[in-house]
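Labels run A, B and C following the written order; every chain starts at residue 1.
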Amino acid sequence: MIEVRDVSLEYDTPQGKVRAVERAGFSARESEFVCLIGPSGCGKTTLLNMIAGFFAPTEGEIRVNGAAVSGQGLDRGIVFQDFAQLFPWRTALGNVAFGLEMKGVAKEERERIAREQLRLVKLEKFADSYPHHLSGGMQQRVAIARALAYNPRVLLMDEPFAALDALTRDEMQRLLAEVWRETKKTVIYVTHNVAEAVYLADRVIVMTPHPGRIRAEVPIRLSRPRDPLSVEFLEHQKELLRHLTQKEEAR
Amino acid sequence: MRALISIALFAVLYEAVARSGWFAPALVPTLPAIAARLYDMLADGSMANHAMNTLYRVFAGLALAAVFGLVLGFLMARYRAVERFFMPLVSAFMPIPSLAWAPIFILWFGLGNVATILIVFYAASFPMLLNTWTGARAVNPLWLRAAGSMGASGPALFWKVVVPGASPFIITGLRLAFQRAWIAVVGAEMLAASDFGLGWVIFDAKEFLNADIMLSSLVMIGAIGFIFERVVFGTLEKTTVLRWGMVRTAKA
Amino acid sequence: MNRGPSLILRGAVAALPFAVLAATWELVARTGAFPPRLFPTVEQVAATFARLAASGILLHHAGDTLLRLAAGFGMAAILGALLGIAMGRSRQVEDLALPLVSIGAPIPGIAYAPLFLLWFGLGNTGSIVLVAFVSLFPVVLNTWTGVKAVKEIWIRAAQTMGADERRLFRHVILPGALPYIVTGWRLGLAQAWRILVGVEMLAAVQWGLGWLIFGSREFLNTDVMLAGIAAIGAIGLALENLVFEPLERYTVVRWGMMSS
């Protein structure tokens, strides 16, 4: 479904060239939930942005559903970390319906679909509220509904719950797992939170910084719903932490 | 209310000076005299006539300034080359008061509405242009990215994201433009209008030393300005940026 | 460190818009669409400007205008600041003055011009009083806001450390309110400049840039008008850059109270 082949990104700074991502490669199957994990500066967000099409890799190529990525597209929905991603001048319903509007869907149909999406994220009662009246967690839920409304095949998420408090975050993770189960999207999820990755992902891709590279791929073979307090869960966490903190092998 | 006491005190003071006989009654008319004159002018429709003329010139100038400011402002925000070309011109012309152009406009277009409206247009253009430009640049890039990934581009992106995103600044710009236009129209009418208009009537009254007419007009000017400020712009803000929680003010 | 484009190139880019403007003007002037008296060529304007500058006439006009500005604005700057401070420190003064100031502020200053000229006569007196009156409002309002904005905790801290009224004023309130006071002066000066040019046209003064422009109307001296406008623009720009920017830079920006 998604293929990242030998992708590198290099950019110029006053101090010289910086390689944000170095020869990264992985693939994601249809309906798979893949997490990109790593400390800051490891290039995970950059990689996600390239899959989204916000900028092109310096080397290598990215393919989604067989076609090469060139710019943004309605086949990849995106949810950012910042709550401000919602359009403040539109109600929750108006926000969620945006993608459908762009697709040219008729008003009645748009609103119907948008309301369904809001129901999926349990916010149907707030359809007519403006974003600034909603809490952070609620705003992120609207953002998720918005990214799903027009039925993209892929959902890209960039640390969407990082700015929420711990309790809300747990709630949101459970909700996301449910939503994913129902919609069966291919998800690429960026996070620095190991427990979150183990909870959500089928497969976790570990990245390390300077330059950003893929260090390891760890499948998570736990049945859902997952119990964060179970022994197996903690084992997976430990394994990921090992990969993250391991010293760089001599090259 | 304490405010009323203060105003009442001032009124008493003024009345005392007016009745003291230190000044000719025509120069410093008593409050009842002013009120009477204001009433007369309202009753016979002359005040309304002047006000209509002034409002027409303000809105004509403001409309031109809005179109000019919005178009150029967005172009400058979107294309670096446009910005780099026009910015020095804007900076050079901004410190020139709009009234400085009055004699030239009068020479070219004669006394009357054209010259007056052009002066208003000049005065109102700068706040409109600068605020639109700032506002367009201040549109959160996150919105542009989110909209882009949802398939918005070109006109859709502009009308559905950039314009609403820039609206706090645009509305502030419109408000400042109105203030400038209101100030400019009064001065412009004194110099460039041939007849009618709140500014014109003040200037004309000087010929006959009619301070009561002057003061009546001043009251009208203040009242209309205030109503627009509060009612029109207040409502505009309430139905848009306040409702959306997007209150932000740009530099004056 | 990257080398940017050379100074010459940057200068050329900056001058480009003006060159285009001048070229367009020149084109219109030469097509003869307007009579040459009304639409002089760029060289004519430049020549007139040079002539007026060299003969000292322009200087005389500019000088008189600036003197009036200094007199009018000077009064407003000091009186306005004092009133604003009094309003900020004393509830009674605030209650008394605020309603009057709030009502007077939104009325266009120039609306008062004929009245003031009637009361104080044409010429210098009327102009200066009007300028002072009009620029008073921004100064008062901004100073008042500034004094009230002086953080209560600074005042308390100073008082705990033994500052009396006078020292509190000099060492805490004045510096604390300074960014606002300076903003008020800046706005007041801009107002004063705008209205001065206009009132000179109405007040029949003998010398002054506003009068220079307005008077040229009689003899259709468009070139003189444009030269005068150029002078007005240049002075306006200079006031902004040479007076206020340095003032702000050496005080409030240096103290981190305002970003540059």
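In this section, a residue touches a chain if its C-beta (ideal position, glycine included) is under 8 Å from a C-beta of that chain, and two chains touch if they have at least 3 such contacts.
For clarity, every value in this text was computed on a predicted model and none was experimentally measured.
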Touching subunit A and also subunit B, the following chains: none
Select the chain whose centre, defined as the mean of its C-alpha atoms, is least distant from the mean of all protein C-alpha atoms. B
Maximum inter-chain contact count - chain pair: B-C
Which chain's centre, taken as the mean of its Cα atoms, is farthest from the centre of subunit B? A
Which whole number of Å gives the spacing of the CA centres of subunit A and subunit B? 49
Between subunit A and subunit C, what is the separation of their C-alpha centroids in Å? 54
Centroid of subunit B to centroid of subunit C, CA atoms only: how many Å? 19
Subunit A residues touching subunit B in their complex are 52-54, 72-74, 76-78, 80, 82, 84-85, 87-90, 98-99, 101-103, 130-133, 146-147, 150
Contact residues on subunit C for subunit B in the complex? 13-14, 16-18, 20-21, 34, 38-39, 95-100, 103, 106-115, 117-119, 187, 193-195, 197-198, 201-202, 210, 213-214, 216-217, 220, 222, 225-226, 228-229, 232-233, 235-237, 239-240
Which stretch or stretches of subunit B touch subunit A in the complex? 140, 142-143, 145-152, 156, 160-161, 164-165, 167, 240, 243-246
So in the complex, which bits of subunit B are touching subunit C? 2-7, 9-10, 27-28, 84-86, 88-89, 91-104, 106-108, 179, 182-183, 186-187, 190-191, 198-199, 202-203, 205-206, 209, 211, 214-215, 217-218, 221-222, 225-226, 229, 252
